[in-house]
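Chain lettering (A, B, C, D and E) follows the sequence in which the chains are written, and residue indices restart at 1 in each chain.
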Amino acid sequence: GADAQAAPKTIKISSVLSLTGKMSGMGTQIKPSYEIFADQVNAKGGIYVKKYGKKIPVELRVLDDESDGLKTQTQLEVANSWGAVANLGGLGCGSFEMGTPICQKNKMVWVGPGCGGWMPHQLGNEWLYSIFFKTPFFSPLVFDMIQAQPKPWPNKVAIFEINQMDAAEAGLYWKQAAKMKGFKLVYHKKYLAGTKDFSAMITGAKAAGAEILLAYPLPPMGPAIVKQMKELDFSPKVVYWHRAPEGAKFGSGLGELADYVHVPCAWSPDLKLPGNDYVIEQYKKKTGKKEADLIVGTAYTAFQVLAAAIEKAGTLDRKAIRDAVRATDMETVCGRIKFTDQGWAKDRLIVVLQWMGGKTNIVYVNEHGKKYGDKVPVKPLKWQPKWSER
Amino acid sequence: MILEVKNLLKAFGGLVAIRDLNLAVNEGEIVGLIGPNGSGKTTLFNLISGVLKPDKGEIRFNEIDITGLKPHKVCQGGIARTFQLTKPFMQMTTLQNVMIGRTYGSEPVRSMRQAEGECERILEFVGLGGKRLSLVATFGLVDRKRVEIARALATKPRLLLLDETMAGLNPSEMEDALRLVKAIGDSGITLIVVEHVMKVILDISSRLMVLNYGEIIAEGTPQEVVRDEKVVEAYLGE
Amino acid sequence: MLEVNNIDVYHGDLQALWDVSLKVEEGELVSLIGANGAGKTTAVETISGLHTPASGTVIFNGVRLDKEPTHKVVELGVCLIPEEKGIFPGMSVLENLELGAFTSESRKARGETFEAVYRLFPVLEERKKQVAGTLSGGEQQMLAIGRALMAKPKLLMCDEPSLGLAPLIVKSIFEVIKQINKSGVGILLVEQNVRAALGLAQRAYIIENGRVSGHGDAKSLLDDEKVRDAYLGTG
Amino acid sequence: MTFGLVAQTFVNGINIGAMYGLIAVGLSLTFGVMKILNVAHGEFLMVGGYMAFWLFTLFDIDPLLGLPLIGIALFLLGAICYKLLFSGLARFHEETKVKNTLLVSFGLFLIFPQVARWLWTGDERAITPVYSGESFPILGVRCGYVPLAGLLVAVVVILALHLLLTKTYFGKSIRATTENWKSAKLMGINVDRTYLITFALGAALAGLAGVLVGMTQSVAPDMGMQWTLKALIVLVLAGIGSIGGAFFAGLILGVVEAVSANLPYIGPYTVALGLVIFLLILMLRPQGLFGKEG
Amino acid sequence: MSNWKHLSVSGGIIVLLILVPLIFTRTDILTFFFLTLLYITLSQSWNILGGYTGQINLGHAAFFGAGALAARYIWLHFGLPLPLAILGGGLAATIFAMIIGFPAFRLRGIYFVIGTLVLAEILRLVFYTILPRADVMPMRLLGAYSLIPRYYLSLLIALLTVAAVYWISRSRLGLGLMSIREDEDAAEASGVDTQRYKLLAFAISTFLTGLAGGIYAYYSAAFRAGGLFEPVWTFDAVIIVFVGGVGTILGPVIGSVFFVLLKQFLSLYLPGGIHVAVFGVLFIIVVLFLPGGLVELITRFRKRTSGGSIQIDS
């Protein structure tokens, strides 16, 4: 029955994000996305909670973790004590791995754009939900993408592997997939986060005759690698990176130098799925940017999923919300979201984007995305030419 | 013989600071050591106290070879020293300064209470009784020198090396200091005293040695030495 | 030439000088004597602008010094050889001397002053390439004086130039000071060695516990009973 | 490894090493000479990089042409920081000074990146003039224009600095001030101004290095500390106070890193390897590679 | 203050601290209490070497990290009892310190400072490489996780550390350490075996740091091995010691409370990054205008209110 008396004034939802520190670039892109969704919901009176028989507005509290894992944990304790019913996560496997155990211990669901790493999901944490696909499933994409092009295909693969969990996973699955699909690994180097000079690795990969370069660079390293590749006249046909090319300033900062770089993504502003126009328009209005950043849709989706789950749970009980999140099966601005028991989104739409002329084009879409037909407009892929011919 | 130095040699790069030096000091003596600036007096103290290692030669204390021992070992063995440029522990109290000597020196006392009692007596002795809880950093030169002497005494040395403890004192302060040094000598501690102030050195030393370019050029009773031509030429002037 | 009027000087909360006044006339050699910690060093450092008096004035040739920074005071021709000598140990003897002539005026006359200093201290010319920190105590004192002369001072203040020096050197240092004074430079000499200082000076001031307790003709002070008791010892 | 690979590796090492050298030389001025341990040195570098970014994107000024402008801007910034924060500490005894300046500059290290985030957001920024990434081959070895320009700038700046310190009165006054603060005053040296200028020069050098880093790599608000660390390492490697040595030590470190990055097994530890070498040298030769004994 | 007054005040504070988990049940408040106690141990242990012995160790994180890693492995991966694991953390840090201590103390002054900084940096890089994954507490433990035993253990170790420093400061050992800080040559000349006592101070300091690491290993739901060696662990300890009052017993305690409160307060009430900058500014102000730290502020205040003379309390 409806008990208006006991109804809380707001639905408290926390979001622990990196607004300062090393990862702040990503955090400051996610925050407006969450706010857009909160405003949108609140404009309609909030989320309907059956237990109270009415709509209750959402109160979003963003807490800065200063890109420091320890701070991520203490801020989640603050969120817990504040009475948040759920937490919306930030990006990056560091905060993901450090933060979600706190959610597990405090029994509060975490829904986030997440990280590519598969490992955190295999530990049995029942409170963690990531709407991103995981390394074993998206790593082989690069080879599928190449083999979907007209022959001749480039064949020799170089991997620059940063010493981070998700990159190590990706490295592993890249190697496996390359072998299965008939590609040849000619160069594989591990390097430390914080490495600023890539000329040694580039020189090595070039000497090995690499035609496909796979890497997982952090955003600040993106420009350095590109410039040094040009300087050393290394022009593999395919440059396929995670992370750095997703950065808000990758294309605008590098200009023509960014051309031909590929990045796999869960969302693109070119997707024509319902709701995207609104998100992009609001994002531009809110931030004054010319283009929506690549993380915007994914973050928005996290909130979409959480809000739907709260409504479905019909109560603000944390466990009930968690169970509802687990049972999610819905269409979002990112396509269909459905979780596995381990909390990662399965059968996800993934697109591969190629930078060209300061913006991204979708040049490949995986089988789960093909179902959407024209709503995922794919443009032809271009092999990277020699630097002298660009 | 309490101290015996044989064929000691020390060079800094090309500069030979101590040149094949021999000397002997008897128990209970007060030996004055003089010599021009840069003649090697402080270097000799540094060698005896273990701050520097000699290039050649031997130093024996109480018939025991102490050549090349670390300074704390030398101190624990019974040789204490003061520094020409004073080095008291600035951010500590006078009492704490002296306590370190008492608890780490040659006959260390482990009980803090007992050490405190003894140190207070030493402070009275050097005339710092009223300043036991003041920070040394607030002291002037005279008191700093007193702290150094007290700290050295607290290590219960049998041989004490004093490096220009009188420099910078005016004549009347010097007289106080002189009385102090004499009292130390009377208490049975053997002393080697480096000073440039002739009045002082003549007054207290039972024997005088003159160092020049790292060599002993004269040795004997004060009266003999000051009349020595070489000494007059190298050190005293007409 | 130099006039110090009623200055009070503090080291932090601690007052070191009370109402100190003194004068040095053109070409005069004046001595400042007193016990340890009496405030002699504080007095000359205040004149040099290293401390600012809380009250009172310092006037040199009609210019107020007490509000000026040290480098201005030096430019006006007042030089101090500090108690701890203060040579630049890592630099060569030559560089030390060059730095002595830092003010633009003295820089112009560098050539001549070099000659004059070398004439006074031939050993400095022999050692001009040597790193100053490796000189012996006596040589360092000579360097300090030589360096001060490079500035072509009108008034030279020496803070205990005999400290820690062998008797032979002490004699020659006093001799040099006398010569410098004869060449027309005013000198304010701080000394523990009261007998020598009074022998050298024309006039003297006695400082006790931060106050000027007496002043007068050097010869008469030498005979003064109280001075004898306090500073000359009984020996 | 083929000859081409070896030669290319060396050239790469020298390019990055020159940058290390330039950064270390700036720190060598403030730390080696004045004993101000400025852990915010890398922050000046970061600001320099962002200034170049601004000049380039807002006013279309080529970063290399902007160098003098940025040098002046950072000089002023350094002067302000010194005046506000460090001038009171300058007269302390060496060890106290090192400790206190370390702490104060640590405060700066907390503030600067945040200010940068407000001004330029947390994203990395790249400076890409048309010739960015352009290079030419010599005997099959690629030489980039930008690294070459960096090398040139570094060499010129270091030579100029060396001459300034040893040949001019001003340089001597800097050294004198460090050796004995009180005596320097008594020589008629305006000690406060000398320190101010020296510190500001150090900041300006960091700024210049920042432009080069921005051109070859990218700038981000949190990049400073890594470069400070690098500079400290190079500085100690060279021997504190040795200006020319700092440059050569930078080159050596650059080459060592470049070579080791291509060795099997060591590859991922390249950065750590440089540090291990550093520690070994410190143990065996505490005065550094180019420092004087004693 | 008389000894009695000292004792009763300390006793009262300890009793209050014991009551904390009964009064506060909010996990964030307990976490902040826990962190404050952890920082007390971390900074107080730094203080032994840096404040009392005068050896500025910028590699503190190396020993914290060694302690934490060792404790975590002994506890979770080898399955030994927790107290043993935490003790093991302390010992691991000490053993490591002794291995590097011999060469490290050949370095004097600034070379020691930078040498230790680099040491921690090497470990950080190496551990990020060989253990790139976060070490997450097993889910079975996370399900039953409670902050209360963690709080009490950290209280115990913090008290132990403070007591150790209290004892050191009043003992012969403390005198020896301080003499090294003031002047090594003079210390040697007074009979202090400076090399040995430096090593001893290093051993005590790193043992306590290792215990802090052990406690952290027990507390932390997840950490990244490389992250344990991040310079922040060192810098936080250094900041706390200097803000509180270097070379004093109370300094690190007051500093830790101030640090945790201020950082937390600022980050909750001055968001948008202002808190980081404001913290930096406040920190600089303390360093510039309160060289003796907050402890000095307290003594000044006491002097003013009581009007009496104060004694030098080391």
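Brief remarks on what is shown
What we mean here is this: contacts are C-beta pairs under 8 Å (C-beta built on N, C-alpha and C of every residue); 3 or more make two chains touch, one makes a residue touch a chain.
Note that the structure is a prediction, hence the values are computed from the model and not measured.
Path length between subunit A and subunit E in the touching-chain graph (shortest route): 1. Ranking B-C and A-D by contacting C-beta pairs places A-D first. The chain with its C-alpha centre at the largest distance from the centre of subunit C is A.
Each chain gets one centre point, the mean of its Cα atoms, and the points for subunit B and subunit E are 42 Å apart.
With centres taken as mean Cα positions, subunit D sits 48 Å from subunit B. Between the CA-based centres of subunit A and subunit C the separation comes to 75 Å, rounded to the whole angstrom.
Rounded to a whole number, the gap between the C-alpha centres of subunit C and subunit D is 43 angstrom. Residue numbers of subunit D whose C-beta contacts span two or more other chains: 113-114, 117, 268-269, 271-272. Within subunit E, residues 125, 129, 273, 276 each touch two or more of the remaining chains.
Taken together, the chains touch in the following pairs: A-D, A-E, B-C, B-E, C-D, D-E. Subunit E contributes residues 56, 103, 106-111, 113-115, 117-119, 121-122, 125-126, 129, 231, 235, 238-239, 242, 273-274, 276-277, 279-281, 283-284, 287-288, 291 to its touches with subunit D in the complex. Residues 26-29, 31-32, 35, 125, 128-129, 132-134, 136-139, 142-143, 145, 220-224, 227, 232, 264, 267-268, 271-273, 275-276 of subunit E touch subunit A in their complex.
Every residue of subunit B that touches subunit C in the complex is listed here, in rising order: 15, 34-38, 84, 140-142, 164, 167-175, 196, 198-199, 234-237. Listing the residues of subunit A that touch subunit E in their complex gives 19-20, 24, 62-64, 66, 68-71, 73-75, 77-78, 80-82, 94, 97-98, 100-102, 104-106, 119-120, 123-126, 163-165, 168, 190, 192-194. Taken in their complex, subunit C has these residues touching subunit B: 34-37, 134-139, 160, 163-172, 192, 194-195, 229-235.
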